[in-house]
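There's a structure below that I have some questions on.
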Amino acid sequence: MQKEIRVTVWNEFRHEKENAAVKKHYPDGMHAAIAKTLSAQPGIRARTATLDEPEHGLTEQTLADTDVLTWWGHVAHGEVSDQVVARVQQRVLSGMGLIVLHSGHFSKVFRRLMGTNCSLKWREADEKERLWNLESGHPIAEGLGDFFELPYEEMYGERFDIPTPEELIFISWFEGGEVFRSGCCWTRGHGRIFYFRPGHETYPTYHDANVQRILVNAVRWAAARVWIATDTCPATKPLERIAPKEAVFGRAGVEQQVRDQ
Amino acid sequence: MQKEIRVTVWNEFRHEKENAAVKKHYPDGMHAAIAKTLSAQPGIRARTATLDEPEHGLTEQTLADTDVLTWWGHVAHGEVSDQVVARVQQRVLSGMGLIVLHSGHFSKVFRRLMGTNCSLKWREADEKERLWNLESGHPIAEGLGDFFELPYEEMYGERFDIPTPEELIFISWFEGGEVFRSGCCWTRGHGRIFYFRPGHETYPTYHDANVQRILVNAVRWAAARVWIATDTCPATKPLERIAPKEAVFGRAGVEQQVRDQ
Amino acid sequence: MQKEIRVTVWNEFRHEKENAAVKKHYPDGMHAAIAKTLSAQPGIRARTATLDEPEHGLTEQTLADTDVLTWWGHVAHGEVSDQVVARVQQRVLSGMGLIVLHSGHFSKVFRRLMGTNCSLKWREADEKERLWNLESGHPIAEGLGDFFELPYEEMYGERFDIPTPEELIFISWFEGGEVFRSGCCWTRGHGRIFYFRPGHETYPTYHDANVQRILVNAVRWAAARVWIATDTCPATKPLERIAPKEAVFGRAGVEQQVRDQ
Amino acid sequence: MQKEIRVTVWNEFRHEKENAAVKKHYPDGMHAAIAKTLSAQPGIRARTATLDEPEHGLTEQTLADTDVLTWWGHVAHGEVSDQVVARVQQRVLSGMGLIVLHSGHFSKVFRRLMGTNCSLKWREADEKERLWNLESGHPIAEGLGDFFELPYEEMYGERFDIPTPEELIFISWFEGGEVFRSGCCWTRGHGRIFYFRPGHETYPTYHDANVQRILVNAVRWAAARVWIATDTCPATKPLERIAPKEAVFGRAGVEQQVRDQ
């Protein structure tokens, strides 16, 4: 029996409190909408965490109980504490899945894991986005057609400053003339990372059926078996006999250290 | 005419001051030995920088004049200031080459650029290392045979916690029974990064002819054209007309913003 | 409910008929041993196919009913018909998983899918092989330790002439001094491919518990959803209006071809 | 001193003989135009070869004298002999660079090296193509801006059935609503391969300054040192002593085979 996937949906949760246009689409916050989508699926249980909770809602215990973390942030990237960033990074390296959404491209967590600036071009102009599906056989694209459209979205344009994705699932075409690598997969340590572009706060993107399907698919894809990585550098005994070199170094050989077999 | 490659050879420079065995091999420090090897080549000019210099010898000006930086550190990774680490990272993303040597795997600079812990297994046991050449056609392996050996080296064993290398040039066989990905290439931003495993301070590794050839080859490989990356996220005007959507959003369209063509 | 994975275990089945040493380990052929291992697992159903059957046992119908194909061949690669090779290739591109075993590295099927010669060094010398596990969090390595050993195996040494694996799971250390990339993953079309090195016919390798576990894991990993790829190049109507250019080309524009929306 | 790069520009050379529109742009054939562009550069010497010459102009001797081969074909892919395809493939694996142009995506040579069908969507509609530059620091993109445009081109749309490119240099935006990975890099064996999308025969694409610059850059990038690969599988002697196992196998050990050291 496959065990339930435990998702923590993280949201900065600032726009929704201050901007009526955002509130209209997401009265309880984007995290609530995303968590509802995920929890409606069999085998997935989602809870939420937000910036203004203690430790941003991401305590050691919460992360220890999280198979996949989703991340949406925008105006308050700088308010996320370095301690929590390091905690999330270590957890990803140990096998937790991470799904970075839209403006989360500029979050400390994503930039730390990528090692690059993750910068891009952008424009808010109510424009049409068409996402082309490059990997119809990939679990993240399961159930999608050759492409799908979002009638109004913020534009993100290349160059997106990221390491070359291991798998590139979607490329966006924008009405205003740009393109963007909108669905990108990486492995870091034992964890899987997926970046998914759409999700500007002033549009009802997370209510779109295709977007919802991708979120669900990506959670399933990222829920790899959790593994406790060793972040220390252990000294180890040899597995084979090492020839003594006293003549060279004037010290005893090390062959006696060979593990018992 | 090809322009001269400007290399800065960085060294922690602590072991050489305190350990007679190290001093014997490198009386002026490992950096001096490496810089001498590089500067002996046509088209390469190497200078050095060390931890205890102001700003670790890596001022904005020095980095601005550096095409390729080599990095050796071990016991004092924690003493490297975060400010200099960020400076080096940005410079790599802008196109500077970076060659990380041996115990530099655990440096702040390398871990920041990889996004992983870069941990590994290790053992000091005067053991034989044989480096197998996987890419005899690659510029970094130019002039090498199918393999070469170092009679005594520290052992580094897998799992090496790194993102999958874009190109894997060498795999090491160790007398004591381990293997290691000893020559790994990545691109981050516009910069090229090469990690090269050998170089334990108590052995004369940087006097080995094959190792020296690889250092020279790697410098040439990493000396890509410098490019000033944009680490901001610029808002940009559309290149195509965007259909007005007043009916939907109750605001003026943005089509008038289209660039002049 | 997860559907059952249908595996076809393909074997050249020649050594077992002629060589007593091989027959001792695999009285019914290696395919029988591998199929038995797989079928003992819940959710997997394995059948076999061999070279001397009509169409090598790989009819269109058989492949249409196969989620994952495993391939062992050695002395008779040249006897596999090009028609069946093309059929297998197309099926992999359409989403069937493929697991290539040991000397299958030189099969037509594998070389066709890789585009390279897949050559390597080899030696039959009853020597010890130690496989290091680089990706303990990867499904193919599930349940394995840091390494495992095979007391006697044929040696395969680098350079292995393959495209850089997308994921490298195992590297082998050999008693005689070589190393080898022994567990390699690729995607081709919509299909997943795994190459696994051990399995020389004169040793009981496929009776080894670690090897068996890897075979089972790899089958599960490779059993991606089957997808019918388009191998034609369809002409398509535009999704956006294309400006008429009669003035330039003296012919009618194509805007009327835009799909109905 | 850097040696001169010897390029062979291969062209099917059929459209130019039959279609007035094509002839207008390329009176001597596309190969003549491309070769002229390349030969105008210092350090590059280009000759041409076409389908209807003996052995398609690609004799063993010609390939032995070729550092980089460019390939344009369209209506007559099937007329290229399998023998010449195998010859070109082996030469690429040995280190020759290969630049595949436009409809060459469907050539036997490219499909053989990729292992996939290389299919795509297409449309001839005189539409605008804008190529976005993802890697401004890459040698192939040297001297280009953030993007460039071709006013009229054939459309190629995703999904392009190729192995994930090792480096993705350009993505195209099309007026009619599609996107395409238009500049893709791979390594196969010791050779570098670049696919470049534009170049429909009825447009003057190879007279475009940006396209010409990319062709020149790509030739320089692909002109890696030629290497004679081993396409055999050599048996090799051990480098280390292998413990005798007579007790197990009832035969002499192999330790006496160890190479002389």
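Of note:
Going by the order they are written in, the chains are A, B, C and D; count residues from 1 in each one.
Basically, a contact is a pair of C-beta atoms (placed from the backbone, for glycine too) under 8 Å apart; a residue touches a chain by one contact, two chains touch by 3 or more.
Note that the structure is predicted; figures quoted are calculated from it, not measured.
Using CA-based centroids throughout, the chain positioned farthest away from subunit B is C. Counting every residue number used by either copy at the subunit C-subunit D contact, over half are found in both chains.
Set against one another, A-D and A-B show the most C-beta pairs in contact at A-B. Per-chain CA centroids place subunit A at a distance of 26 Å from subunit B. Taking each chain's centre as the mean of its C-alpha atoms, subunit A lies 35 Å from subunit D. Within subunit D, residues 130, 135-136, 157, 164, 166-167, 177-178, 187, 189, 229, 239 each touch two or more of the remaining chains.
Subunit C meets subunit D in the complex at residues 89-90, 93, 106, 112-117, 119-128, 152, 155, 157, 161, 163-164, 166, 175-178, 186-189, 229-240, 242-243, 245, 248-249, 253-254, 257-258. Remark: subunit D residues 130, 132-136, 146, 157-160, 164, 166-168, 171-174, 177-179, 181 touch subunit A in the complex.
Of all the residues in subunit C, the ones that touch subunit A in their complex are 2, 95, 130, 135-139, 142, 147, 166-167, 187, 189-191, 224-225, 227, 229, 239.
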